[in-house]
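When the chains are written out, they are named A, B, C, D and E in that same order, and each has its own residue count from 1.
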Amino acid sequence: MEFSLHFASVFAESDLIIRGILLTIGLSSSAILLGSGLAILLVATRNLGNKFVRGCVDAYVELLRNTPFLIQLFMIFFGLPLMGVRMSGTQAALLAMTLNLSAYATEIIRAGVDSIHKSQIEAGLSLALSRIQVFRYVVLKPAIAKVWPSLSSQFVLMLLASSICSFISVPELSGAAAIVEQRTFRSFETYIVVTLSYLALALVLKLILIWLGHRLFHRKVVSILSTASKGGIA
Amino acid sequence: MSVVAIDQVHKRYGALEVLKGVSLSVDTGQVVAIIGRSGSGKSTMLRCINGLEAFQSGSITVAGHDVQQEPTKLRELRKDVGIVFQSYNLFPHLTVSQNITLSPRITQGVKAADAEVIARRVLSQVGLLEKFDAYPDMLSGGQQQRVAIARSLAMRPKVMLFDEVTSALDPELTGEVLLVMEQLAKEGMTMLLVTHEMSFARSVADLTVFMHQGKIWEAGPSKELFERPTTAELQAFLASGVK
Amino acid sequence: QSVDEIVSRGSVKIGVLVGAPPFGSVDAQGNAIGYDADVAELVGKYLGVPVTMVQLTPPSRIPALESGKVDFLVATLAPTPERAKAVMFTIPYSAFQVGIYAAKTAEIKTWEDLKGMTVGVNRGSSVEKEFVNRETELGLTILRFEDDATTMQALFSGQVQAIAGPDAQSNAAIRSRGDTSTEVKFFFSMQPNSMTVRKNAFELHQWLNNAIYMMKQNGELDAIARKWVGTPLPPLPTF
Amino acid sequence: MSTFGWPEFLFLLRSAGWSIVLTVIAFAFGAIGGGAFAIMRLANNAVLRNIAAIYILVIQSIPVLMILFMSYYGLSIAGVEIPPLLAASVSLSIYVSAYLAEIWRGSIQAVPPQQWEASASLALTRPQQYRYIILPQALRISLPPTVGFLVQLVKNTSIVSVVGFVELSRAGQLVNNATFRPFEVFMVVAAIYFAICFPLSRLSRYLERVLHVGRSH
Amino acid sequence: MSVVAIDQVHKRYGALEVLKGVSLSVDTGQVVAIIGRSGSGKSTMLRCINGLEAFQSGSITVAGHDVQQEPTKLRELRKDVGIVFQSYNLFPHLTVSQNITLSPRITQGVKAADAEVIARRVLSQVGLLEKFDAYPDMLSGGQQQRVAIARSLAMRPKVMLFDEVTSALDPELTGEVLLVMEQLAKEGMTMLLVTHEMSFARSVADLTVFMHQGKIWEAGPSKELFERPTTAELQAFLASGVK
């Protein structure tokens, strides 16, 4: 089969791709910040609230975790305007990503909070801290430290899932790529460029998160590649 | 004047009655040792005093506070009552000085600079000034326990509760911590301490209380109690594991 | 790729687009139906071999062709010079009118009236160019959606003030929703659709041109157009 | 298909079958790969360890859609023909293996190192340590995050539409494009996903509760 | 005949030299107590003996096995050398009997029925036959520690190593475990034990070894060593924390 790659016409549209990459970075990083912030609030609410409040937070988490992101996006972008709430594609994408991520992050951070030993909470209470202060100063950081790997994975998944936002006209990386592909029909070339871009973005994000994790939680930055396990006993 | 007044306290976990009408009065400056077998309710009594456990009936007054499960009142109470546990419970993500200054800063609004002064004072009290910026996991068990004591002292409590603070330590480290407690006793701090160190109880405590099956079985000035235990249970207890 | 190869293999794999009714859709059993499917069957009849219809999503049409998963596409693709650098197009076998759709209340009669508006278009379509060409001149904000149905939804939800779309699909959408507030403002072009073959498949290309010519002549294409679009086959360009 | 009725609903349900089948296949093979990579990632041998680390890092960073795309269309151009079901299964399995490897590595490392020492001192071989001591304990720790990932996998199988599978998401889109009833159709699609995923979420919570009782952290 | 022979062992963790040329010879049936300050290298020495830690130079022979980091050889060695840690390290997902029979069954191919017989024998040795089917988290610390000893005994080791097996226990539970060890000593088991219980070392051990800064600083028959310590360091050590 005579087939060869011609990147020229794809690179001719590199403007579009680069703008897509920037939008992907912007959307993902904002969603990660806002989504984690919201998740922390939700976990705190769940932790300090009564049974009813806990039920509400759980319902929120289950609803968002168990339905597809695409449909959440669709409902926000196309459904809300019917109720008089209108936002741009990018705003809708940011909102959907934030909500979706917050649900997953809530569940992850909750597990971390549950794993904090009761004695830590008692120690905080005994020092006359209120329950909110105990959560904020005693529980939160170690809890996040414990689940940092899962949380990081979820952030990377969100970055990759942001591609779905092209469905509602957001010209992020994969949306931009789809436009280029349809204009030029250089599918393979386009997808190769896109794959490598996502790979680069995700690797950078992951490395940042690993670095940040060590920075925040370990007090010393260690090698980013594999460290030998404690289980290395013959 | 009694600074801790426990009156007919009953405490149940479900069907299990753990405290069966405990009454005790402690005067300012007194040191009270609480001894007794595992499961006799020693920890539970201490935890009731600073409101970590709710009890079903009876009353406790400590440092002028009536112990009841109302968050604001509990917080006021806890500013005056320090507690130190067997398992130290230092906050692993904070340095020694941060562990100590956390509560003064956020519950009493002490300024950072003043809090640091406090931290230095209590750290030198426990002989650990040089660990100011260390993290808990860089300290030995005995050092961690002393930091836990310092953390409580930074609140300027009127009463200190100690729950087997040396049980997790080996003999050498135990010595360090007992020294600090002896020093506190000398300075006139009111203290209630659950302990397995009979020799320490005998030499430091003014009063020793023997708990058995959820009751205060026998109590009295330490010397007397150890030399002339009246109940068969206390005699058996003192004869058993003690070295 | 030669016609002989296909005939001697005894079957032909034709890629069709689904999810764009009336051109391509599926029935409740999941079989491809629609304008393209009927044309593909017809081509199979001329080849004298049974047809395997391969259902494709927009992004997988060209890769399926280039990787040999299908022999050629009957997938409502508009020939453009840019695209023709990558594949070869036959002479058109269908065409639809492309118009501007908007709310009945909107005063839109010409391109000029779209000035400053937010407009929607299917990003896979060749019509996108029409907007892009006028983007700066008219100060348009162009939103590109996944497919025609989503584009129409954007109009219904008010996320865009006007869209450009093919008449057949837009009308179907309006009808299905029982919508009375949306109408076509004006038609601005006719989009012809070609079958698509791999580069260098000259013989197949020539044969398909020949077959399309034949179907046009004997009225078979006209019948399919009437069946799915409801109007006679418009005059189709040749090249 | 121009109205959204019973036949369309059945069409959606049948398509949900593909979502489930592909999830099961991907999970089954992904679990085998994930287990292997998790153990490699913890090996004493630095080469094995780094191979696994890089594999996990790279695979987690590539959209699974692209893995599938390249393995189906890309390999075909290179002259290797693989059927769509195989391509979908393999790609999803690769994707799953990287994520499970990472989850499981964490779980294995969460087993206290003293358990390795104690079992080594009892003359167990490394495979025996894994088989009798480490994995049974790691299993308990790993269940919640594993089920959490499974719930996402069910929805992420939607990428297989690129090689022609009509699974639930794709079916929803097709039905919507034919009926122009997006809110009804997508609500039903969301409800079907919810019906599949919610029991899994609950199961995860349940297992967490049952298996963590009385365990020290 | 010496069953443990340690010859000029040097062990480094990175830059830190933890064992600085340790030599020791233990005869069959001897009980050796190892004492010394925290960090002096006691645990490290024990861990080198059963190959949990590799060392840089010197040699160790134990029960006829030359200690070296080769997995198959290490496994053979470990069938003859039992070790019990301070933190018990029972397998929490297995019952007491499963904890005990696991290794005999899979490393020595003992049949299930025979393994059960062994389990009963070692459990009665440590006085815990009634806990046959219990899970570890249902036992007290002292009971868990005794199960850990039983688990080692089930391998019929020629040498037993104990690393501060009572440090995590309170005085009452400590008694239980020491009793078991005394019994083993009477039965002629060769034992090396790191301990903080000076009185126990003095009464049970034939030989006591004082470690200091990575070296065997002083060693000799227990009675003599405790009564007439020659080095200043041992004198200081014995004077400090010991009760």
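Keep in mind that, in the parts below, a contact is a pair of C-beta atoms (placed from the backbone, for glycine too) under 8 Å apart; a residue touches a chain by one contact, two chains touch by 3 or more.
The chain lineup, named per UniProt: A, D = Amino acid ABC transporter permease; B, E = Amino acid ABC transporter ATP-binding protein.
All values reported here derive from a predicted model rather than from experimental measurement.
Traced through touching neighbours, the fewest hops from chain D to chain E number 1. Of all chain pairs, the one joined by the greatest number of contacting C-beta pairs is A-D. Ranking every chain by how far its Cα centroid lies from the centroid of chain B, the top place goes to C. Look at where the CA atoms of chain B average out and do the same for chain C: the two points lie 81 Å apart. One inter-chain figure worth recording: chain A and chain E are separated by 50 Å, centre to centre, where each centre is the mean of the chain's CA atoms. Distance from the chain A centre to the chain C centre is 37 Å, each centre being the mean of its Cα atoms.
Of all residues in chain A, those that touch two or more other chains are 1, 3, 78-79, 187-188, 191, 233-234.
Of all residues in chain E, those touching 2 or more other chains are 52, 71, 74, listed in ascending order. For chain D, the set of residues that touch two or more other chains comprises 69, 73-74, 77, 117, 120, 126, 182. Across the complex, chain B is touched by residues 119-120, 122-131, 133, 137-138, 141-142, 145, 217, 219 of chain A.
Residues 18-21, 25-30, 54-57, 59-60, 63-64, 66-69, 147-149, 152-153, 172-173, 176-177 of chain C are the ones that touch chain D when the two sit in their complex. The touching residues of chain E, counted against chain B in their complex, run 37-38, 164, 167-168, 170-172, 174-175, 196, 199, 240-243. Note for the complex: chain E touches chain D at residues 50, 52, 71, 74-76, 78-79, 82-83, 85, 87, 89-93, 102-103, 106-107, 137, 151-152, 155. By the touch criterion given at the top, residues 41-42, 44, 46, 49-50, 52-54, 57-58, 60-66, 69-70, 73-74, 77, 79, 99, 102-103, 106, 108-109, 111, 113, 116-117, 120, 126, 134, 144-145, 148, 151-152, 155, 158, 169, 172, 182-183, 186, 189-190, 193-194, 197-198, 201, 208, 217 of chain D touch chain A in their complex.
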